[in-house]
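Two complexes are shown next, each including subunit A; its partner changes from subunit B in the first to subunit C in the second.
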Partner chain A sequence: MSVMHKILGGAAALALSAGTLVAEPAMIFDLGGKFDKSFNESAFAGAQRWAEETGGTFREIELQSEAQREQALRRFAEAGSNPIVMTGFAFGNVLAEVAPDYPDTKFAIIDMVVDQPNVRSVVFNEHEGSYLVGMMAAMASKSNTVGFIGGMDIPLIRKFACGYAQGVMAANADATVVANMTGTTPAAWNDPVKGSELTKAQISQGADVVYAAAGGTGVGVLQTAADEGILSIGVDSNQNYLHPGKVLTSMMKRVDNAVYQAMTDGPDMETGFNVMGIANGGIGYAMDENNASLVSADMQKMVDDAAAKISSGELMVHDYMSDDSCPALSF
Partner chain B sequence: MEKMPAWADAVLVPIISLLLAAILSALVIVAIGEDPVAAVKLMVQGSLGSTYGWGYTLYYATNFMFTGLAVAVAFHARMFNIGGEGQAMLGGLGVAVVCLYMPWPHWSLALIFATLSAAAFGAAWAFLPAYLQAKRGSHIVITTIMFNFIAAALLNYLLVNVMRPKGSMDPATAKFPETTHLPTLHDILEPFGIAFSKAAPANVSLIVAIIACVAVYFLIWRTRLGYEIRAFGHSESGAKYAGISPVKITVVAMLISGGLAGMMAINNVMGEGERLIMNSTEGAGFIGIAVALMGRSHPFGVFLAAILFGFLYQGGAELALWTSIPRELIVVIQALVILFTGALDNMVRMPLEKLFLMFRKGDA
Partner chain C sequence: MDFLTIIQVLDSTVRLATPLLLACLAGLFSERAGIFDIGLEGKMLAAAFFSAAIAAMTGSVWLGLLAGIAASLFLSGIHGLASITFRGNQLISGVAINFLAAGMTVLIAQSWFKQGGRTPSLMSEGRFNPIELPFAEALSDVPFLGPIYSELISGHSILVYVALAAVPATWWILFRTRFGLRLRAVGENPAAVDTAGVSVVGLRFAAVAICGVLCGIAGAYLATGLQAGFVKDMTAGRGFIALAALIFAKWRPWYALSACLLFGFLQAIALRYQNIDLGAFTVPVQVMDALPYILTVVILAGFVGKAVPPRAGGEPYVKER
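Up next is the complex of A and B:
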């Protein structure tokens, strides 16, 4: 009996290891496309890094239509791709339906929580990073007025704005935050002209530092801020290099790390709720040679202190999405 | 006298157009260093080689049947309805209102009322352009295309501000209740012992679309109204002389057209999405124009052309999944087929007509 067990166990182990050998990860990019200079591109960079380091290959698709969401998930799952990584909250509903049909496949979704046993939901504490850059904005401002330009008006972006406003208030209680959203549709993620107009409007209201959390729209915000001689703050990836000496810092959301981690973990990926914050390096602010002259030692010390306090749990930044309200800013 | 026999008109022209499109597409694929034969195999295998592939092909085809019929009916009255997209969006709104705000005991009842509501919303959206055309002479092409933008803006407003569930980030309505979910082809064919893929979105609205094809045939060729529509389309002054009211025919034909476009929503909104999202139509309203052109505005032609375009869509998705052909190029391939079968129809037709005339002279 025990011999039989061993043989069967051995065969099973062999089958399992054979399975791991053929399973290659898959990456699904949202409708924005993988070269959006922001969110999807960051995910692509993570997948690329994994492929270079391990010599592995991954399947990928850029979606063309809404109906393809479910189709791509099912096709990759049926073809044995494991794990399947996808970017964007829009996958939430679809994944919740598809995941139970493929219990042996692991899924990773970024920016959304899907409560299924085989899904890793990666969400970022954007409010923490926004808090830090908010502090820097308040300290760098001479007019005591700072601006925020969001992309599409969704709770996630309000979460950015709310964290930012709290940071501003923490550094300078007298400061004013001017907040605008670019629009209410997905087109707001890619409207640099509107971003530029909003920046000019905020400058006329006295803002001398603007934070853009608006995907491709942010390119217009950063450009106008540089042209008009005020400071700007980038988002998601390090955008300091876009206008050296004009971008105060960037709020870094390490989507690439999340994708890289999911692919590295492979089919044995641990599932569940995965929060990327300051404490585990998923969120941070960018320092490099392009903004070194803009950030004083004082400023950096204060921000690093705050970051340490947030990591240790001593300082709690209010999350807009926890109760749909913000103590520091009204929308 | 006809310039060429009916079979050549209905079969030969589309086939030659398709071949030309295929050759050009193959050249494009070769140019980016991929194997065109493998690509075609992948497309055929992925869209027709399994019940799963058929499920997607027929799902897309259902959309195109509705919008193709919509354009075809307007064509018979010599009107170019480019507003199928907007009318289908409004149809989606009609479906969402019925499914979300009314309790339904069974999907069949929900389907009947959702279909009516979708058709009513779509027709309502076509009414104003039709009225303006009939009474004021505002060109229907201009007004319907402008109404597409108004429809998108209206839907946008409603989804963001009114119908979006609280706390949700997606500009979309809540999921429709369980009792309004339509049976898929898997559910329909199972009792007959046919195992159809469970994952594919093709659903009972395919049958509604086929019924619509038959109904449009009877409407156009077997009813007085259909006769009036065709007479009006052939000659407005002739129709007037025969006592047909141009205002009435323009408005009625456009209402039917808009209603058909709106009915598409039972497939994509009620059948597939089971909630209303922004851009749920995904250009099907425009594909309808190509489908109607290729199908020569005949319901059976529309039926076949819709399946062809369904194949192109699903085949394109397979290419995107399994090859490194970028998605922009897949759009190019789809566009080539539309270009050849729709816009460049006369390029094939005229030489063919000349050829047939030559042969006929030879006979005589």
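Up next is the complex of A and C:
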């Protein structure tokens, strides 16, 4: 009996010390999947950069269903991972419930605000970035009609659409914005066929630039836009390279920086509310050799001016999520 | 809604209905022979992946199509083995195939291409490009009929025409050939077929194999006709809508065509118009998305005609001892 006790005690001590020694960060990807060429992939890139620079390792899981959210969070928290970073608004409710149970673990959630002492909430001013690419779309459009294709119809995606429409109107008050959502279930993030069909429908309504904020569905949008010879705008990550010369620009949401920062801060991460916008480099638009020929000097100047005004606070872009309405677009 | 818009919506209808139609006819063969198949979704998904993967590697869309059909046939073989040879539960076998396909496609894609469960984008020769029917260009100026011919009938990929041709072919096989008569009989009363000295097992395997080929074409159309590559779960429930269409069509080929066109049309309308304003009230887009399922339930409940499934459907055939 006493031998057993010693063994058990030893094992427990070992487990405890292992727990404190390792304390590796963990990363939870949302249903869109780690390689959605967009939001989650950007998060993965940030975690990867942290791992390469520090030589550390991180644990990760790609969710397959809604039911796994709480399970995954608790598993990582109990295994001693710290901090635990998760992507996606859908974690909001679950995290608010789980976080108080693990007061010594730090959590970072992207795209949602969770008011707990051990949670860092990172939100992005997507409407600002969408405003910039909306201006570019309006200037690049010859038909004065531009399109927006969203993924799942949630307030966050409407925020993209609303910022975009405001940008379009700012650059060309006569322009028309055709906005569509792919669906109302998480399947809408991964339905490129529907994305293609929506693009074709928008083209037949006259759109010659489409902005896709739709995760994996956007792959179909960009493909069809390239096939049909119109311009498209990517989202979250830099997607210009997917169809060189056919993608006008990408609205960059530096999820990678947010993840990288959280992992670098480690268990001593400061918690609270973080807003990433144009002012602090969390939001921007992508310029590289793939789209250099598409963006004229005028266009770039106008967009950079607007960006400067937004970051100085001179220009306010309306945030759909602040009052659930949009002055430039009706849904 | 002007004339051109109607043409465009119908054009979109044809594209959206084609995978449904192929999968629906696949299910028709299988279920008419007494084998329920809810694995249509999984077979399409596997075919979509393998057609895109092989087309990406070889650069030939035809090899891709063959690979897609082969993958779908393989899953059909598993379904046949489980439900015909070993007399297992057909529904469970179908569900297993759906799960198997959903997991395996992403796993193999990740191991082959390292792009996170997708295939590389296909170049032009790796895809089924739209084909122009003769005189489409010349006739496009003819009023009324011109746009119908050049926009709506011409300019689809070859698989669309294959799918449309499959409808009369299915009707002819099922209702005008000896094989078709036996196939239907085996779904209604396998004991009688057995008594006549015809192999029940052989017929059912033949039906399941035809089902595999058609699902293979449907999957290949999704990945290489409509899209330029495979993305995880890209079938997005189309196999289940096809099943709903099959019930809606009361297990008949021509009705299947109209059911699939109707469901495709509903989708096309939903994609074109987010909310339909009917003056007094607006129809939200979700209603259009749900309509195929609602209609199927209405049919099943017996409000509009009666949907009678093949009598021996779902039951493994046991020879008397």
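By definition in this document, the second predicted complex is superposed on the first by the 306 of 331 C-alpha atoms of A that agree within 3 Å, B and C clash if a C-alpha of one lies under 4 Å from a C-alpha of the other, contacts with A are read in each partner's own complex, and residues count from 1 in each chain.
Heads up, the rule we're going with is that contacts are C-beta pairs under 8 Å (C-beta built on N, C-alpha and C of every residue); 3 or more make two chains touch, one makes a residue touch a chain.
Please read these numbers as outputs of a predicted model, since none were measured by experiment.
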Does the superposition put A:E314 against subunit B (first), subunit C (second), both, or neither? neither
One more residue to check, A:T184. First (subunit B), second (subunit C), both or neither? both
Between subunit B and subunit C, whom does A:E66 touch in the aligned arrangement: first, second, both, or neither? first
Just checking: does A:N93 make contact with subunit B only, subunit C only, both, or neither of them? Give me first, second, both or neither. first
Quick check for you: in the superposed arrangement, does A:L156 touch first (subunit B), second (subunit C), both or neither? first
Given the touch rule stated above, what does A:Q223 touch, subunit B (first), subunit C (second), both, or neither? second
Which superposed partner A:D323 touches (first subunit B, second subunit C, both, neither): neither
Name the contact category of A:D298: first (subunit B only), second (subunit C only), both, or neither. neither
Report for A:L198: first if it touches subunit B alone, second if subunit C alone, otherwise both or neither. second
Common interface residues of subunit A - those touching subunit B in one complex and subunit C in the other: 184
Counting only contacts in the complex, subunit B reaches subunit A at residues 56, 59-60, 156, 160-161, 166-167, 169-171, 175, 199, 201, 268, 272-273, 275, 277-280, 282, 316-317, 320-322, 326-327, 330-331
Subunit A contact footprint on subunit C (complex, rising order): 4-5, 8, 12, 15-16, 115-118, 121, 222, 226-229, 231-234, 236-237, 267-268, 271-272, 274, 285-286, 289
Spell out the residues on subunit A that touch subunit B in their complex, using ranges where they run on. 59, 61-62, 64-68, 70-72, 74-76, 89-90, 92-93, 101, 153-156, 184-186, 321, 324
Taking the complex as given, what residues does subunit A use to touch subunit C? 33-37, 41, 179-181, 183-184, 187, 190-194, 196-198, 200-201, 204, 216, 219-220, 223, 227, 242, 331
